[in-house]
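Next up: some structures, all given as structure tokens.
After this come two complexes, each holding chain A, first together with chain B and then together with chain C.
Moving on to the complex of A and B:
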């Protein structure tokens, strides 16, 4: 029972970490390797808001999500736009931005146990005799809410449908008068804001440390590769596969195998089915 | 067509890929309201020319003037915003969306909004109207089918319908007739004539010469990236260089 409850919590946590990354890649084919850095930056900004500026929890959190979203947009608008369409350069440039953010935070003194975010509602309840704290239940609720919200958004709203169209064939969308750079700006903004949401619900369970930024990036990449790049359904399924695998290793082996599981999942996927669980094959390129 | 109103003027357009001269010093004029055919054997640079005009790839040299404004090297969405839209040779609908929802992407573009193609909430109706105009029976289930379930004939119409959602000035149709049966083409021809009558100017890149020649007002022939001939369909068909390009040397009789 313990494995099931904590497996679900861990899986939803992974999904939360990965959704922003998947969203940006899904819409704009842009691998945002600064994703983990935005996650930690969001945690730090929320901490500054609550602890240093005394702005109150709600204000700090909302402001953090907003600011990180804007920073994501700015990163695309001023940096990534120059290397758009060159995947290796996109990875290097966004990873460099991430390195800059994370190491700047370390240099500012972000280390050790001093930086923590408060839980929203303290306390623990027993689910099937397994103790679960409210914050972990909140993680599951918010994760499910975001997934449901994104699903409804892309299924029933016109902007969502348009974004889905663009995700399927960006060049065709450009030919139909859609500015792909504007859409990529929106996508990186949304993706970064999702990283901030994930940070705010997940970070109270641990400390805000630079290393977690790198770890979140690894988890997000693992989930996306196993699920099939750009596929949301695949990402969610992959979160559950990797999430439960991690919990099983924690129960039967040792806890520091979590990252190993994620990396192993990447390797196995690349050997067995390189396009991932739900990866679509590339359409034939237009003949020149 | 209106011979004294050039809509699009291409001058000295060139593009090299590696060592391959894909398009070499091509100049042409498109007059308001006409149907201009572009023909040429495989690899003669037809699609590259289309890609250069629509901003898909940037020219090395030359200019593309639309109503006197040089648009060479503009990004595709800006060119589409002027009303120059294209269809793709190997149809590129949004396969996982229903036919009418395929129009929602172009209907959300700045140009469609500017041209008054329906506000929020009306766009489904506008999409169905356009589809009906282009031959999707309105009261049937066809407009509600996923694009992946539609036969080629409908997908070709869907490509045109997406263009119409932008209220275009120029439609560049890249091999609209390829993959269609003679009867399917016969049903598309009056549709294109109707759109031309409604004021849309066409560039049609085609392999199906007989059908093209019945539609086009003028034809340009390309070979090895250069323009080898220009004129009425009859003149182009009679041109020995065109016959040679299509049939090979010695096949000119």
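Moving on to the complex of A and C:
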């Protein structure tokens, strides 16, 4: 039972970390390697709002999500737009931005254990004799809520449909008057805001440390590669595969090997099915 | 007597006196400084507290006139380079570059402090030997291999000293403390959680072996990579196997997460940090919102938590608190503070900075310091430990009780008794 309960929590946590990355790639084909940095930046901004400026939890959290979303849009509009369409340059540029943010935070003094976010609801309950704190249950609830919200957004709103249009066929969408760069800007902003939401939900379970930014990026990339780049359904399925694999590894092998699981998943996927579970990018080459 | 004449008289009367008073200070300021190179992981507790300890000692020594090198007073000058060797991935090469830079570019006369991670400290030994630089390890590296190598290849590694503890002695202290707990509370089941780094793995293995020999049942053991942020499965395993003590040996700040998760899950096992960086710090209470109460932490040397080990202990404690606005935060603070004093003592006895002579002088050190009597083993250059501050360097284990760090071991310096969390009673 422990494995099921904590497997679900771990899987949804991975999905939360990866959704923003998948969204940006799915729409604009842009691998945002600054994703982990936005995650930590959001944690830090929320901490400043709550602990330093005493702005209250709700205000700080909403403001953080908004600011990080705007920063994501600005990053695309002022930097990434210049290298769009050049995959290697996109990776280098976004990774450089991420490095800059993370190392600047480290330089600013983001270190040690003093930077923590409060849990949304304190306390623990026992599910089938397994102790689980409310924050972990909230992770599952918020994760499910975000997936549902994104599905509704892309199915029933003009902006969501435009984003899907660009994701499906960029040139056809442009012929219908959809601005590709504007949609990429929105997607990057939305992806960054999702990183902020993930940070606010997940960071109360730990500390705000720079190293977590690199870890989140690795997990996001692993989930996206296993699931298939740009595929939401694939990302969610991959989150559950990797999430449960990690928990099983810890339970039956050693915690020591937990970090290897994500990297092993990337390697195995690239060998067996480079397009991932639901990816369509390289299917033709694979068939050939 | 006119005003001018009176002033001239005063100047003539007092000038020699003033000159005599100010001469040593002026001499110390003008004389070429003795450069102490400190390779430290400054983003981590064991780095920044060591730097603060050293700076305080250097400031105090310089304010008192400096170091008397064969009649000439010379000030200490501290150069710190961030080694980053406590980061995940253990970048040993970065730490070695830092040591080399201190020696070649900063012209360090002595190396004090780190490298902090055992792997990096061991790797740096050859470099120190090559440049014949005396090094006093003050923080981080706990591996017994360090002083064993000095003993095995004395001529090559005689420049390496360690003024702080090492894991074999620490394990002895921990086992003694654990036996007290076993006797007092009738606990005999232990779950071991260690970090995947050399000193922690070695420490965990030795504790497992010795504790089993002493009648403890080890119900499980988990090894966590540096930077782990989720310990829930390990805690569930401890709960499932009915462990009564959680033996933790980790130097990463994420251990505060472990303690928060322990509290949230109400795991009925007393957390015992053989090394637990996060719980050592005064800020731990606030960071965990009090969830870390009852956690025991070993800070290796007295003076890193308040006690009356020697007359110098609280004098140092108060001076550090006044200088930095925070209490000594954990392992590496008092030992790093003592290193410049020990070096000053040895240099003054040697009357030179010549490494061969200073090595000989360091081997004859006998100084009552912040954490007891400081003497080095002449063969291994490891500081001689003891449970009595009158006999050797004494350690400290404290427990978080109502927001305070209360020293509970060794008995000679204890300020209180170990308590169990309410859900264990």
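In this section, the second predicted complex is superposed on the first by the 278 of 288 C-alpha atoms of A that agree within 3 Å, B and C clash if a C-alpha of one lies under 4 Å from a C-alpha of the other, contacts with A are read in each partner's own complex, and residues count from 1 in each chain.
In the analysis below, a contact is a pair of C-beta atoms (placed from the backbone, for glycine too) under 8 Å apart; a residue touches a chain by one contact, two chains touch by 3 or more.
What you are looking at is a predicted structure, and each value in this text was computed from that prediction instead of being measured.
Undergrad: Quick check on the superposed pair: does A:158 touch chain B, chain C, both, or neither? Answer first, second, both or neither.
TA: A:158: touches chain B, not chain C.
Undergrad: Classify the contacts of A:176 with the two partner chains as first (chain B alone), second (chain C alone), both, or neither.
TA: After superposing on A, A:176 lies in contact with chain B but is clear of chain C.
Undergrad: Touch test for A:2: chain B only (first), chain C only (second), both, or neither?
TA: second
Undergrad: On the A-aligned overlay, A:124 touches which partner chain: chain B = first, chain C = second, or both, or neither?
TA: In the superposed model, A:124 contacts chain C only, not chain B.
Undergrad: Once the structures are superposed on A, label A:166 by its partner contacts, choosing first (chain B), second (chain C), both or neither.
TA: The answer is first: A:166 touches chain B but not chain C.
Undergrad: Under the touch definition given earlier, write down the residues of chain C that touch chain A in their complex.
TA: 43-45, 87-88, 196, 222-225, 227-234, 236-237, 239-240, 253-257, 261, 264-266, 278, 281, 283-284, 286-287
Undergrad: Once bound in the complex, which stretches of chain B touch chain A?
TA: Listed in rising order, the residues are 17, 22, 47-48, 51, 54, 56, 75-77, 80-81, 85-86, 88-90, 92, 94-97, 101-102, 104-106, 108-112, 120, 123, 162-163, 165-166.
Undergrad: Flag every residue of chain A that touches chain C in the complex, lowest number first.
TA: It is residues 2, 6, 10, 106, 111-114, 116, 124, 130-131, 133, 205-207, 209, 211-212, 215, 247, 250-251, 254-256, 258-259 of chain A that touch chain C.
Undergrad: Which of the residues in chain A end up touching chain B in this complex?
TA: It comes out as residues 158-159, 161-162, 164-166, 168-169, 171-180, 283-284, 286-288.
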